[in-house]
Every structure is written in C-alpha cells, then in structure tokens.
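Below is one structure, written out as structure tokens; the observations come after it.
Each chain carries a letter (A, B, C and D) given by its place in the written order, and its residues are counted from 1.
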Amino acid sequence: MLIYALKRLRSLVLSLLVASVVIFAVIEVVPGDPAAFMLGINAQEDTIAALREELGLNLSVYQRYFNWVGGLLSGDFGISYTYRSPVAEIVTERLWVSLPLAAYALSLTVLLAFPAGILAASRRGSVTDLSVMGFTQLGVAIPNFWFAMLMVLAFAINLRWFSAGGFPGWDEGFWISMKSLTLPAIALALPQASILARVMRSSLLDTLGEDYVRTCRAKGLSKAQALWRHALRNALIPVLTIIGLQFSFLLAGAIIIENVFFLPGLGRLVFQSISQRDLIVVESVVMLLVFAVILVNFAVDIAYALVDPRLRRGR
Amino acid sequence: MMKAISRSMFAASMMLTAGAAFAANTDVTVGLQLEPPHLDPTSAAAGAIDQVLYSNVFEGLTRFGPDGSVNPGLAESWTISDDGLSYTFKLRAGVKFHDGSDFEATDVVFSLDRARAEDSVNAQKALFAGIASVEALDAGTVKVTLSDANGSFLFNMAWGDAVMVAPESIDDIKSNPVGTGAFRFDSWSRGDKIELARNEDYWGTPARIEAATFKFISDPTAAFAAMMAEDVDVFYSYPAPENLMAFEADARFTILSGSTEGETILAMNNKQAPFDNAKVRAAVSYAIDRNAIIDGAMFGFGTPIGTHFAPHNPDYVDLTGNSAYDPEKARALLAEAGLADGFKTTLKLPPPSYARRGGEIIAAQLRAVGIETEISNLEWAQWLEQVFRGYDYGLTIVSHTEPMDIGIYARPEYYFQYDNADFQTLIADLAVEADPGKRSGMLKQAQTVISEDYVNAYLFQLAMVSVVKTDLKGIWENAPTQAIDLTSVYWAD
Amino acid sequence: MSLLDIQKLSLSIHGTPILDNVSLSLRPGEILGVIGESGSGKSMTAFATMQLLPDGANASGKILLQGQDLLTTSEPELCAIRGKDIGMVFQEPMTALNPLQSIGKQVAETLRIHDRSLSRGEAMRRAANTLERCGLPGDQFPLSRYPFELSGGQRQRVVIAMAIALQPKLLIADEPTTALDVTTQAQILVLLKRLVSEDGMALMMITHDLAVVSGMADRICIMRAGKVIEEGAAGTLITESKHPYTRALFEASSHQPDRIQGAHNVPLLQVRNVVRDYALPRKGLFAKPGRHRAVNDVSFELHHGESLGLVGESGCGKSTLTRAILGLEEVQGGEILLDGEPVFAANQPNHKVRRKMQVVFQDPYGSFNPRHKVARLIAEPFHLLETQPRGAEREALIDEALESVGLTPVDKHKYIHEFSGGQRQRIAIARALIIKPKLIILDEAVSALDVSIRAQILDLLADLSARFGLTYLFISHDLSVVRAITDRVLVMQDGEIVEQGETGAVFDAPAHAFTRTLIAAAPRLPDIPAHIGDTHGA
Amino acid sequence: MAEKSILRLALSSRNLIIGLALSLVFVIAGLLSFLWTPYDVTMLDIPSRFQTPSAAHWLGTDHFGRDILSMIMVGARTSIAVALVAVGIGMGLGVPLGLAAAARKDSLLDDLIMRGNDLVFAFPSLLIAILITAVFGPSALNAIIAIGVFNIPVFARLVRGAALSLWTLDYVLSARVAGKGAARISFEHILPNVANLLIVQGTIQFSLGILAEASLSYVGLGAQPPIPSWGRMLADSQTMISLAPHMALFPGLAIVLTVLGLNLAGDGLRDLFDPKLRKART
C-alpha cells in the first residue's frame, strides 16, 4: 500500500513539474502587456516602463519562472498585478465559493446519478430504464449555460424564488449562501449527473454479468442482494474515476456558470485575469487547478486501493 | 445660474426631509458592471476605481459638480498669479483623513510630487506635466508653480487621478484606501462587493445614508435580474439598454438618462491605405447611418455627433450635417478615390456592447457600399496592444470617455495617426489662451477642422443610463467624470 | 424416489431452441455424469435446474426437486433453495469469486444468507471449517485472504466450499476442472468425490471429457444438440452402448491417428542451453526490478520428419519457449538453430530461417483477423518470402493450401466468422502450410476443440506430415493427445526440461517424479472392447 | 420474454435511426445554407427586430432583425465544421500515438505518450481553450485547435487500450510469425479492428465538440461575426431573454437536438458493433 502510494506520489510530483513549465511557457506568450492594460490609453511610455519594473516584468524569463515556482513551493503565490494584493489571499477568498459550489454540485450529481443508474441497471429494459436513459441522454445534450439561462428566466426573473446570482458571503448565513449556490449547482450537476448515471448503469450492467454474481445467485442471494452486496462495489471502480474527473471539472469548468450567476469563484477570477492580463494570477490559478486535478486523481488512485485489495497488497 | 438654483432646491429638500428618521433605508446598494482592480485612483486607468472612491472616499483640491463644473474641494479658495503660472491654494481647516491624521499642506505636496515623479505610475501623468514645483507655504497654504500657463489646471486637479493621499497610509492604499471623504472604506470581498461606511467626522455636510455597498455584476442578465429582484437600489451605467423598456414600464424604477464625456467614434487608421485618402474616410463617414446604430446597438440611447466633442458642452458645434447618411455619395467618393469596387479592411472591436453591436451594424452598412470588413472581437489588453500601440488595424470603434480630449487629434502618434500641423498649432495656442471668448472660438474651429478632415467617423455621444429605484434621490444624472457621488443621496418616503 | 427429476424440459433463449424434451433424474447420493460437446445444452440443463437462466429464456416441462417444480416456484422461494438444497460449482474459478471480498466472508455469506440468526463470528467459524474440509486449512489460508492471492485450484476449492457449506442435497458441478491443470484437476475430482460421499450429496457432474467422469459417475447421460441421446449406468454405457453417437464420442476420445514413422536422424531444430528472463515489476520504489527466469537452460533437438511433444502445466515456460523458437523474442542465453542457422541474429529475427517454420495456435477464434477474407488470411506468411507470389500463382497456392486441409478454393472468398471451430483450425493449418515450411509448431492446436473434431484434426495432421514430410513440435497440456501423435516427448516443469524420451517409454515408465504425477493425474477411459471400437470416422 | 428482446433490438436500431435523422437534419440545413437561406444573415433590418415566430420568419428575428432560422442554418455549418475538424485532429494525431504506444508497450515511448496524455487530461480544458484563444486571438480556427488538442488523448487512450488487448490475440502473433513489423501490424490488423470503436467514440467526440464550440463561442472565442454561430446567438440573446425568449430558445434547441442526435447515433452504433451485446441477442 505504501509503495503503491509512493509510486503514485512520484508521478504526481513529476506531472506537476512538467505542468508548471507548460503553464508558464503558454502564459509567457500571451500577447498584451499587463502594465499597458492597467494604465489605459492616456498613459505615457515612461509610466508604463516604471510599472513594468515595479511588477518585475523586466526580469528574464528564467528568473521569473524560478521566482514563481520558488514562490509556489514556499506558499507565496506572488502579488496580483491588478489587485496588488497577494494572489494566495485572492485565491483563498475565491476558493470559499468554488469549493463549496463544486462540492454541492458533486453531491447533487451523486445523489441524482446513483439511484438513477442503479435503478436503470437493476431493471434493464424496463420503462424505468428507458426513461432514465432518455432523460440522461437529454441531460448530456443540454449545454449547461443554456440550462442556467433558462433556470434564471424561470426561477429568478419570473417566479423570483431565487436571486439571479451573486453570492452574499458565508458571514450572511449558511442557508442564504447555500440558496444562492443552488441554481448554479443544479446547472452544473445536471449534465454531470446524466453522465455519471450512464456510467453507473453500464458499469453495473457489466459487473452484473460477471461470473461471481452468478456464483452469489447460486449461493441463494436474490438479485437485489447480489447487486447491493457484490456488484455495486465492483462497479464503483470506473464510477470513482468519473467522479474524480468530474470534481476537477466542476472546480475548473464552472467558469461559464460562475459568469452566468456572477459568482465570485475561481473560474471567473481566471477569466477576468486573462482579459486583464493579470498573468501571475492566471499562472497560479491554472497551476492550482492542475494541482487539484492531479491531487484528485491521486486520491482516486488511493480510493481504488481502499476498494480493491489487489492494489492494497501491492500487486 | 441654473446650477445654483438646483443646488438650493436640493438643499431645501434635504432640510425638509432631514427630520424624518428612516429606520429601514439608511443604506444603498449600487450595482456596477466593473470591479476596480485595486483601490488606488492615482495609479491605474480603471474607471471603476473612481466610480467607487471619487469624492466618496478621496477628494482632490477641486472637484467636479454634477454638471461638469469645477468647484472648490479640499482647497477652499485659490488665487492665480497674473501670468497664470502660480496657483496658491488655501486649504480647508480641520480636515482629517479617515485614520485620524490631519490633512495639511505637506499632504498636498506629497500627493502631487508622487504623481509627477519619475517613477510615478499615474495613468494620467500628463495632467501633472506642467507642474514645475509644489511648496507648502504654511500648514494651510500650498503654492503650485507651472512651467507654462495652463487654462485647464484647475480642471485637471479635479480628476480622480489627482486626489489627495497621505504618506502615512500610502503603502496599503491599494487594499485599504484612506482618504478625507464623506465615506470611509469598510470592506472588499473581491469579485463581489465593496462596502463603505459613513465618515462621522466629515469636514463638510455629512452623508445622508449610513452605508453604501457597491456590488459588481458584470453580466447584463444578472444585472437585470438583480435589479428586478431589488437586490440593488441603483444600477449605475446600466449595461444592457435592451432591458430598459422593462424598467420603464415598472413603477418601482426610474431611468436616469444623461450625457457622458464618451464620444463614440469609428476610428480610422489615417496612415494606412486606403484611409490615408480623405475621400475614403469621407466615404466611410457617409456610409454610416448614425440613427440605425443608436437604435440598433443602444436601443435609442445616445446623441448623434459630427465631431469629437460633447454635445452638452456650450462650445459644441453640431456638424453631423458634414456626414449625413448618404450611401450613394459614399459610393461616389469611393469611385473618385479609385476604389469603385470597394476594398477590404479590418474592424477590431473592444468588449463593450456599443463596439460589438455597433460593429456588426457598421459592418453591414459598409458592406452596402462595397467595403468588406473582417471583424475581430478583442479584449481590452489585446486592443491596447494591437490597435492602440501597434497601429495594426483599419477600423475600430471606441468611446473616448476622457473629458475635453479633442487635444488627442494634435498628437500624430495617437493611434488614429492624424497629422495636421495647423491643427497642432491651434491646440498649442489653445493651451496658453486664457480668454474665455477666444478659447470658445478656437474650440469651435478645432471641431470643424477634424470634422471636415473626416479624421474619424463620429458616431454618437454615449448616454449614461442608470436604473434607480424611484424612491432613491440624489443620483447624478450626467457623468462629467467617472464617479458615483453618494454624498447627497437619500431615500424619499 | 428421485431427488431431482427433470421431465420433458424444453428451453429456448430469445426464440432459439436450446433444449428439446430433456428428461433425466438423480437419486439421492448418486453421481450423474452429463456429457456432451459444445452446444449440446448440458450447461443450460444445469442452469435451468438452478433457475439461473439468462434474460430471454423460456422454459417448459418440469424440474422437480423432491417433488417441487422449480419452474413454477417463486423467486424468493428459489433463493431459499439455492445454496441450501442445491449447490453449484462453475467452470472458471478465476472469475467465479468476488475479487473485492475476502474468501472467509464469501463462504460465510452462504451460511448467513440462509440463516439470519447466525452471528457473524459463528458464520466465520463455520466458514473456516468448511474451507478446511475443502482442503484450505485456516493456518495456511486464513479467512482474510482475497481471491487474487490464490491459485486457480485453490479458488475452485473456495467455490466448492461456498456450494457445500450448507450440505445441500444436490451439487451441480459445471465443468469444474476444465480450466485447471491435470494434477489440480485430479485433486479437485478427489475432493468432490470425498465430499459427496461424506455428506451423502447427489452430484450432477457436467463435462465434455468422458475420462473425467468415467472413473467416478454412477450413471452417465450423453447429450447432443439439446437432446438426451442415451442414459445409463456408467460401466455398461461405456462398454456396451450401441448408440452410434455415443460410440463415435468414445472412439474420438481415445483416437489414435495412423502415423508413419518417418524420422531421420538429421537435426532440424537445435535448442541449446536456452535461458529466457523477464523483468518483474519493481517491488520497491528504488529497488531494482526483479527478474523471472521463465526458461532455464533448456536444450533439445528435433529431427527432420519427427513429431516431438512438449508437455507441461500452465506457467511451466512452454509458451515462452515457443516464442523464443519462433524468433519473436530474444533469449538471454544459449542459442536456437533451425537448419543450422540462428533464428535470431544480430538482435533481429532472421527471415531466412523463419520461413522454414510456421505455427498453429490454440484459439480458433482469436487466430484470425475478422476483417480479412480467408485468401488474405492464409496468404499472410508470403510476407516472409523474398519474392511474393502474385496473381494466378498466388491464387493457385492459396487453392492448393485450402485443398490440402480438406477445404475448397471457394472458401477463400469467405470471412472467418462463416466457419466452425474445426474448419478454422484447418484454415490455420492451411496458413501454416502455404509457404511449405519444414517445421510446424502446434501450440495447443487441438486443445479447444471438441473431441470428435479433435480426432479429425489429428488425422489431418498425421496425413499432412506423411504427404509433405513435415516436422512437428507439438505443445500441449493434454497427455492423451501427445501420446497419440508424437514420437518423442519432452516434459517441462518450472522452466526446465525434467524428462525426455520416446513417447511410449516415457508414458509407460516415467523416470521423473513430476512425470509420474502428471501421468497418474490424467483421467483415463476404461479400455473399450476392440470389436466395437472399429467403427471409423464420424 | 422473446418479444421483449426483439423490441430492444428494434429500439437500439431506432436509436440509430432517430439519431442519424436528427443529426442529418442539421447537416443538411448546414449544407443547404451554402446555397440558400430564407434571408441573408448579413443583412440587418433593425426596424423588424425581436419578432416572434411568424409565417415570414418561422423562428422569429433577433435584435438586429435577422432571421433566426437562417442564422441557425448557417450556424449549423459553423458548429459542424468546427467539431468535425476537431475530431479529425484528435483522430489524426491520437490514433497513431495510441497505436505506437500499444505497439511498444511499457517502452519509453509508451510512457511518454501516456504521461503526456495524463498531463493534457489534468488541464482544465475550457480554461486552456480560453488561454489558447487569448494567445492566438479568437477565431473558428483557434477554437478548432483548442478543442482538437483535447481530443488527442481521448483517442490515444482508447486506441491504446483496445490495441493492447488485440496485440495479445493469436492473429497478431501469426502476423509476427509471418515477419511483419509493428507498424505494418498496427495498420493491417489493429487499426481495422478498432475502427468500430473509433466510429463510436468519434460520434461522441463530435457531439462534445459541438457543445465545446457552443461554449467557446458563447464566451466570444469562437467564430467571429458576422458569421453566425449557435453559442454567440445564445450569448447575444442572454440579456434579452425576458424581452425575446425565442432568441434563446431556438439556438439552444438546435444545440440540444444536434448533440442528442449524435449521441443517439453513437449509442446505436455501439449497440450494433458491440459483440457482447450482439452475442446476447442472437
């Protein structure tokens, strides 16, 4: 188990290193000078040069890369060009929206997908199965931002059950904050739940066709018992992979949804930072997201080991 | 005169309602499309900084009134030497910064020296270029000496980039601004809102409301929904004119439509063929139907202009006749220029909807006379790089929101690259001319020159449309500068 | 009274008829051998008895277990019967266990599912007892073991433990030893026999291999194409049956092709001190990867015209050796010469040598690219030639190869899925023959075939060898086949050749202990009276 | 029981038929738009803006008075072209990489390819697409590249996985015995046998490509005006959703139906190709 974990850890570190080079390289070539952007159209050349110096943009590429990576390692993400405050601070603030949103959406995803997938698989070919498949087919096809727009139209503008967006902040109360995350979470969760339900169903159908399920039936287990006690746990392995991917997607892929609901989350931060050429924020957030994805994959790998004794015993 | 009357009427209405205490409505939430990147108005071009902080938190020596006039600010009064080179400001007594320190002449020296220093990152450094020295005569008097006479020096000092800051609090100014205004900075949750609280020790008339929240809502749909749900009390410079009909029909809301300093123009690259030919530029101007653009892109909000000057300015000349919509004439002019079959060019559009929507309409109008445009939608950073600094464009649409900026036509390196020696002389003369009558004449002449040279196609003056709860009073209708002055805002019954 | 009485059972799945009026019965404590080739419906009979039929199955008739018709019994009642009154053992032990659950839990589950009041600890204790009875004592095989930590034979013991934990009256074993090596097979058969007699269970033993049941069954039932062909007491049925299919089946099982001994003493293939190592996955993070020696210092010679058998259990290194001989992988020590030339020279497979040998693989289904037509499939070895035949010459060679294996030239325009397993193996042989090699390696070439087909292919091989002077290297785990077709035999164990010699001599008087075990473990058919055994062909 | 299975068979082919029919409607609409659209999509007619569906404008008009049906037809062309080429990029690069990785299993090459794939997967795709377009400027071409890049590992993985199991089959061994090299085997034996999988996955990636293109052009990074694209139509409609809901409804439906059609077709194809399901049926 330890060796397995260490091996995974090694590839994690390696991936992060390569990712940092790639991210830095990509962002280095983004056209547009952050200093010129900040000072606007009436700025004078010497003012821009002064600002470039202040931001450290006049250093060599290598110096900036090592400064950046060195900073990341020591927890210092640098100072945002535009906000002029520590990137770590800004990012932490945004994480308090993005993480709960991702977690909320993921919970909804799982809560919707598991029952639907299990029900469909256990009643293969039935009306239930067909309707689950139909709904999920539709759910996969709907662009989430469009769905979000329709929900805003229905629930915020017409019915006024929810506010159309914004985030009051956790100090305003847990339920108020959760309420403001509800529509975005649903918009994010619907397509993901559809995907997950389909994966759950097909994975479960696969395991239900396995020999050991037949063995269980021969022992006297009913179909339902065989499903719950044996097939489900085995079916979870591919499902876990998808959940891992979905969590990282929900964390990073909420850009558009965060924009639709004007939530102050990470996605919107990156989007704004790109257009404001706040490159250090872009670099750090993308790196953070990549780190999160890799970390989640690592966690999924470890979760596999917990589920699967073959990995646990180091085979 | 009108100003004085309206001011006293305001004062009267304030007196009348002052007695009634409002338990519920003592704060106001202002919706804004853009969030300030940081909170130092003296080191960035972002208008959002001024919108939140100007006159609310920070004040300058002079200040803009709602009509664009220049009024005394932290300087109670001033005297100007006869040669127009030295200004002696008498500062208000008893002014304190929010951190409790006194506002004194040394702070003025610090603020102005900082703005004009070698390593200054002030976005409007040109405002301070003419200052030769700043000295504190005593704690309450400052003398500013100019190298050349400058008729607009007091006007310059009213800008948000010229507000007074203190050396004690300058280090944290970007996240914790400390000024002298009627409100002090309270908190900022980035990406969402900034909160201000009333400054109880304000030197002047204290604000009527106790707290103000600026909420940043960039998405127009969200803005619409937030307004409809009454999450915000006023949406300043409402971004989606298409929704205004809905607000107009709703008694809860009032629409304030005022003028801005934003001349929206279709800029042409005067050094790039074929726009180096005045006939081609004229053809472009004639090919454009301003009313269709105002209607189609701005849903009717906006005033057509024929030159680069704000129509609400007394010196404005209506020159729209110089380029009235006439596609036939446009085609004829193109033929004269040897381009009877039309030509292809680029149309680079920055993000605001006036540019994006206006661009699509203009592209269609130009196509009708044979000019094919390739549209590319750019972000501001790209626009600055490619168009503004790189001159890599044929056409672009942008709104010039700086007040009284006709002088940019005298700068041959300015992005549309208009190089006219006579015009440059005219502007140079204007800068040193103090006589109001002569100044007016020269301004009118300047407007005519650039209109008849068809430097750019002048489209319309950007309207400032704000949606306000009907009960909320005291919001500025016009935008002489990018500021949301909340000092005299109050709730009616 | 019968314990199990199947009456006129007919079964169709998605409209395809599977069983047709099958009737058979089993008395308490009796062992019934159900024998049939693939597609005979023998397994479906078992699944019908368990009422574990696939979706879309439609059964009629009666399946009476102690007088209760299982076809009309409700699903909850069936659940109570399965595992308690009827236990079942399956063919594939590698997949029959839940990989994520310990063996103790899986065995205990049988107990707890039928007796809710049983405590967890008590169930585990009884599971341990049951496993011990099945030859997995707790000190060597703790309950916490997971299936992946056990070998195939051990897993089959766990499956058996699950099936007999509640001492059911009837045990159904569906090809329980087919996937196992002969020595393991023998042990499992012994185990089953012991358990049946200890618990007084009836056993329905389903198999394709006559020899497996001939030694243990009280009665035998022969099935073919969904019908019961013949049923009777084991002894009399084997020796006295007059039913042509039964006779043909028995004949084929012990088929001995007519062979001409044509060996010269000129070596064709020389294998000298061959060593083949594999890298193992790293054990530790910084540990050097370990090495596994799959073939250890193997030497032998194969003469022109000879048929040499290579026998060993799975994992003994015979497949690795085959690949090395074919020049597919480089060896780490020693040399392999064909006609005096190395098969692998200068880190490159030697094409000149390779065209002198071809191979026929086990799986008639996986041996052909399903997207190519037969002509293209069997022409593939032309690639080895310096000048590839084209046009009419090529067609002629293809036709000739097909005809030589008993197919027709028309077949070259078909796709492989249009052929049966036996025909596919003929095509595989045609592919091997097409470039007229000297040596053909037959890698378990008849192991996947039904006995009757196997007999035909063995005849074909004998015939081809005589006609073309072919040399065979015959790799198999099946001793009876090796005995039938080879001149000499090599016995391989753990990467080494432990015994070699004339086939007859080795079989009659094995010298090495392993060979002795192997031969003793191989199930044998009783001798069939010669006067009946004369009938040829099928 | 038997009827049920026939029903299911019919149903699976019904999936395919409905799916293909739906996708074809939009393909044909897109192709037709080269020759004819009810109205010229580049002509603005501001006085007749925000019209709800009528006989003259079947799907109404937008904020510039353009005919929405015509725009959806031309938008189909953009969406389909972008997604198709992106799938092409993914297949064109991913398939050879996957084949190479499988042919040299556990080699350095395999390791490099798979690590590279993992890395691409680790990047938040939409974010990188936004970055790519920020670097090279928004255009349909850059949208194609941004989407295509993320298709590469999908196909590489798929092909590698399938190829690995094919490499263990005896017919590949036979080909090796016949002296064929890895490249030749990959193209002769492996590729044709993963073609089914590629078609199915290609259909799915195609539909994902349509969604991705819609997302990108929704944030303004896809095809530039005046070329209509579904995502930008939705973006334009967003502020007018309470004023003219039909502007948001129809382009959204076009996306949903196209993606739905492609997914159904993909499912149908998979059912048709999957030997496991097929065996269960016969």
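Brief remarks follow.
Definition applied: a residue touches a chain if its C-beta (ideal position, glycine included) is under 8 Å from a C-beta of that chain, and two chains touch if they have at least 3 such contacts.
In this text, all values refer to a predicted model and were calculated from it rather than measured experimentally.
Of the two chain pairs shown, C-D and A-B, the one joined by more C-beta contacts is A-B. Separating the centre of chain C from that of chain D, both taken as means of CA atoms, is a distance of 46 Å. For the pair chain A and chain B, the distance between mean C-alpha positions equals 40 Å.
Chain geometry summary: the mean Cα position of chain A and that of chain C are 50 Å apart. Each of the following residues of chain C touches two or more other chains: 55. Each of the following residues of chain B touches two or more other chains: 219, 221, 224, 379, 382.
Contact with two or more other chains is made by residues 4, 134, 238, 241-242 of chain D. Checking each pair of chains for touch leaves A-B, A-C, A-D, B-D, C-D.
The touching residues of chain C, when paired with chain D in their complex, are 12, 14-16, 54-58, 326, 328, 349, 351, 354-355, 358-359, 361-363, 366-371, 380-384, 431. Considering their complex, residues 50, 52, 55, 75-76, 79-84, 87-88, 90, 92, 95-102, 109-110, 113-114, 146, 148-149, 159, 162-163, 283-285 of chain C touch chain A. Within the complex formed with chain A, the chain B residues making contact are 37-38, 40, 44-46, 118-126, 174-175, 189-192, 215-219, 221-222, 224-226, 228-229, 231, 351, 379-382, 384-386, 388-389, 402, 415. Across the complex, chain B is touched by residues 31-34, 36-44, 46-47, 50-51, 53-54, 82-85, 90, 93-94, 97, 149, 152, 156-157, 160, 163-167, 169, 259-262, 264-265, 268-269, 272, 274-278 of chain A.
Those residues of chain D whose C-beta lies close enough to touch chain B in the complex are 42-44, 46, 49, 63-64, 134, 137-139, 220, 224-226, 238-243.
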